[in-house]
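Dropping the structures in below, format is structure tokens.
Here come two complexes built around chain A, the first alongside chain B, the second alongside chain C.
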Partner chain A sequence: MRKALPKFGLNFFCLLVYIFLAAPIVVVLFSSLTTTEYIVFPPKGLTLRWYTELVNHPEFMQSFMLSIGVAFGTAIISTVIGTMSSIAVVRYQFRGKTAIMQLVGSPLLIPTVVFGVALLQFYSWIGLATSPAALVIGHIILTIPFVMRLVVASLVGFDRSIEQAAMNLGAGSMRVFFQITLPIIKSGVIAGAIFAFITSFDDLTVALFIVSTDVVTLPVRIFTYMQYQYDPIITSVSSIVILLTVVLMVVIERVLGVGKVFESKNE
Partner chain B sequence: MQPETAYQEQELLFKQKKKNLSKKRMDYLLLLLPTLGIFIFFFLLPLFFLFITGFKTFDASSGVGNDWTLENYTKFLSDTFYLGVLWRTVKIALLTTLVAIVISFPVAYQITKANRRIKNYLTLIVLSPLLISMVIRCYGWVILLSNNGVVNNALLKFGWIDKPLTLLYTEFSVVIGMVHVLFPYMVLSIMGSLERIDPSVIRASQNLGASPIRTFFSIVLPLTLPGIFAGSVMVFSLGISSFVTPAILGGPQVKVMSFLTYEQVAVMLNWPYGSAIGFLLIFIATITIIIYSKLLTTSKKGVAIQ
Partner chain C sequence: MSYLCLENVVKTFNKTEVVKKMNLEIKQGELVSFLGPSGCGKTTTLNMIAGFLEVDGGKIVVDGKPVHLLPPNKREMGMVFQNYALFPHMTVFENVAYGLKLRKVSKDEIKSRVAEALEMVRLTGYEKRYPRELSGGQQQRVSLARALVIKPKVLLLDEPLSNLDAKLRQEMREEIVDIQKRVGITTIFVTHDQEEALAISDRIAVMYEGRIEQLDTPVEIYNHPQTDFVSRFIGEVNQVQGKVVKTLNNQESLVSFYGYEQILTRHLAKNSVIDFYIRPEKIHISLEPNDGIVVKVDRKMFLGAKTRYILHNKENKHIIADIPNTVLNPDHVQEGKDVSIQWNSEDLLATKK
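Moving on to the complex of A and B:
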């Protein structure tokens, strides 16, 4: 009895915390099914009307496709160049390595707003403002720290004698990389790519500064729509994004195991 | 004859090594080039230029001037309104950190005690918010906390209140939203410390007759302090610089430093002042990290002495 009570208390407290964590997400999902013209939870009646209504709002679809495109571009470029740099950092001895590591890690310390403002000013000076490419460059900088951390971690515990064996058997350095090195560090690289994708897809702060009327990513679209209207359209758009994220999470879990991905984000 | 061949062989080997070495030197530069290029041109350079802009004059009619001035910084540091915003930013981040510690510790404790399968599921539940779009999660809080929102409706129905409470666009809603966003970082950090505790230490304490509560307060809690500390620094520094949550759940009513920066640049078009506010924010965030690492090294020394 003396032991059971604290344990019950602990579990009850944790349950409350889990409800707190799930609440905003559950509320968005359920209120997208309401038949009313305004957002209400619990929803009144059940309808998929706000999903079909999306047909009348092509701008959301446009923004969604743009966000997907930008996130894909960011993930691919960030992963490729981040992996290259990770190899340089782990495998070679050179001066200034610590400085370089600090430089590529610093986007995590600089407030994103300040980086967004700096980028906007710079872009308007060099005349590169408001294009998807400009946004991808900004997102590459935000995501490189994650990619490099994950890839460096998988390179550090790497047994290089396998590579040596392949070289001795006459494989060229490119062939060694693609047939030996890459398959072994694969999980780190994939995790980095997924993280880059999610970070880019979720970014509001930098995108807010680099948008124009025809380059509006989904988070920015939702953010601006929300300030003027309060109808359930937003909840249906958001629900679609949530469901897609859940699918992506299941894929990550199957391929890598979630814990592993998060270890890097925490450090 | 033989020594000569050996010598030649050695020389050949040496030359080859040298060639490999110089090739390697080129390799790492090539590998680093794309990342470094992007970082120098699109990160360091823009930030440097923005820093410079912070020392330029500004006029509402003619825009950014060419003269140098310290006015942007002195204006901020001598105006009670702006200092109030700075204080609010720090206060919200501190409150967020405290609440995060209080609700994270039991969860981290429960997860580390659970068996492996349940542990994986719980970790997934705790961490999944990180993956779901921040804008959408904040939007969920808007639905929950608005005047005719879920929380107010429930309280009215139970008759606990007569008229809706103002929950949204207050410091309260910003702290709630930020705890929700930053909670996973704290849990992971505390879990890291809890997992490193040697179970034999806890058994020893129990064998010596300490009650579970005494064991918790004199053994478990002190040993997890480094994790709590590391998590706090992370939550605090992410908290003072976060933009999305205060912008959606606080808006112009609850201005924080990041929102002020945004407003000065995007609405007032006062770039120099926006820059000054932004760099003050960077300054505070950096100071926090420096104090933290200083404290960490001294506490490590303390542990070594023990």
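Moving on to the complex of A and C:
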């Protein structure tokens, strides 16, 4: 009984934190159902009007597809590069290794705004026009540190004799990588890919510097729309994104188990 | 005709020679142990044979063909690692089947050969388990099955038992020898446990600082160590000093050990002082005074079947003697009292550098 009280206190505290974290999401979801012409919480009346209204705004759909595409491209490329670099950094000694580690860590320290400005400068200097590809490159730079952190974590403590055992049984280095190494560090790699995807999909700051009239990602679209109008369309778009995220998480959970994915250590 | 040959094999790490011009010949079906202190190059040598490390000089020949330039996946060696190195994401069946799949063996044959291998290591019924669901001993048996199922030319074991507890270790080592003899596979077994090496090996290669000090049967290694290092490393020894009193003829000399005179069958220069080793169990204790070297009993330790006596003589030379309790009842020996010790001259081990 003496132990029950602190446990109750802890649980209560956790509950408060969860409420605090979840509140904005709930607010957005509910506000999207309002009948009013402006955003209000709690909603007045209930309607799905702001969802059907989206049909009149194909630009949101376009932006959504663009964002998905950019996020996918970013996640795939940055996971591949990040994983390979992690292996190099963890397993080999070479000159400039520390420098690379520092460089890789720097985007985590530099404010994204600064990075956006730098990227804009750089692109105009080399004459790279605004394009989804330019955005993907920017996002790759932004997300590789995340991927590397997670993959490096799953590589540290990796028992290399497992790879030797596979070689010993007759596997060449390609086979060893795809059949042994990759499956074992899988959780770190997938977590890295998810982080890269979400970071890219979510990014407003860098995208703001790179967008043009025909390359507008969803966060930028929402942001610019809000500067002129403040109607519940914003909340319905956001709600759809939230729901999609939830679906994505559930699918990943079903297929891999999120718990496992976010454990950076292999079992 | 030897099956596995190392000829002048050299390995250098950062300019230090870790394995120095090593020569070794192992016959087909033989079990040879590498025994030596930590850091003497056992793992390095094994890794060169397996192909995980390149040789910096010399040749490795298996069955008449040089293999030292082949990558590890082309050498057809079976390796069992200290920490088992099972594939954590594969079941026991998949682990054992892995090498066969790479060899494009048909599904049916894989099934029957895996079943056979698992039966050999007494793990039938564990096919669907993952490595983390097995005990250490079971994991090591899977690892053995995985190595043997591909019918390798040579089986390499790097301290395969050192992560197991003492009892299981003994069981497993008997099991390994049993399987090794049944399959008839040429085997190298790395260990730094001398009892293990003595118990299971056909021959032992005692290694020290990158060289093989002596390669011999366990009995020879124990009874006739050829170098100073081997004498001290295998078993326990007392160091005793003898002064040559006179040379009797070409083959015999009279030597005095702390006043106890004994004829040795070797030619030694008069008045020279020579170090010998004598094993604790080769010392005899007599309760009569003046029946050999007189020593005082410092302490006695009951060790089950035998008792260990810690003794010192009047020159304060410490000597350990192990006597079976059936030979000498420890109750008859009092701590603090004088007794006499002696030994047979042929049990003395010469110290050669």
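Just so it is clear, the second predicted complex is superposed on the first by the 228 of 267 C-alpha atoms of A that agree within 3 Å, B and C clash if a C-alpha of one lies under 4 Å from a C-alpha of the other, contacts with A are read in each partner's own complex, and residues count from 1 in each chain.
Assume a contact is a pair of C-beta atoms (placed from the backbone, for glycine too) under 8 Å apart; a residue touches a chain by one contact, two chains touch by 3 or more.
All values derive from a computational prediction rather than experimental measurement.
Look at A:Thr224: by the touch rule set out above, it reaches neither chain B nor chain C. When the two complexes are overlaid on their common chain A, residue A:Phe201 makes contact with chain B while staying clear of chain C. Once the two complexes are laid over each other on the shared chain, residue contacts for A:Pro111 go to chain B alone; chain C is not touched. Ranked by how many residues of chain A each touches, chain B and chain C are led by B.
Of the two partner chains placed by the overlay, only chain B lies in contact with A:Ser85; chain C stays clear of it.
When the two structures are aligned on the shared chain, A:Pro183 is found in touch with chain C, with no touch to chain B. With both structures placed on the common chain, the touch criterion links A:Cys14 to chain B but leaves chain C unconnected. When both complexes are overlaid on chain A, the residue A:Gln102 reaches neither chain B nor chain C. For the contact definition in use here, the residues of chain A common to its chain B contact set and its chain C contact set are 266. Those residues of chain B that touch chain A in the shared complex are 24-25, 27-29, 31-32, 34-36, 38-39, 42-47, 49-50, 53, 103, 106-107, 109-110, 120, 123-144, 149-150, 180, 183-185, 188-189, 192, 212-213, 237, 240-241, 243-244, 247-248, 257-258, 261-262, 265-266, 271, 274-275, 278-279, 281-282, 285-286, 289. In the complex of the two chains, the chain A residues touching chain C come out as 159, 161-162, 164-172, 175, 180, 183-184, 186, 266-267.
Taken together, the chain A residues at the contact with chain B in this complex read 3, 6, 10-11, 13-14, 17-18, 20-28, 31, 39, 41, 81-82, 84-85, 87-89, 91-92, 94, 100, 103-104, 106-107, 109-115, 117-122, 125, 137-138, 140-141, 144, 198, 201-202, 204-205, 208-209, 219, 222-223, 226, 234-235, 238, 241-242, 245, 248-249, 253, 258-259, 262-263, 265-266. Those residues of chain C whose C-beta lies close enough to touch chain A in the complex are 50-52, 71-79, 81-83, 85-89, 98-99, 102-103, 132, 143, 146-147, 150.
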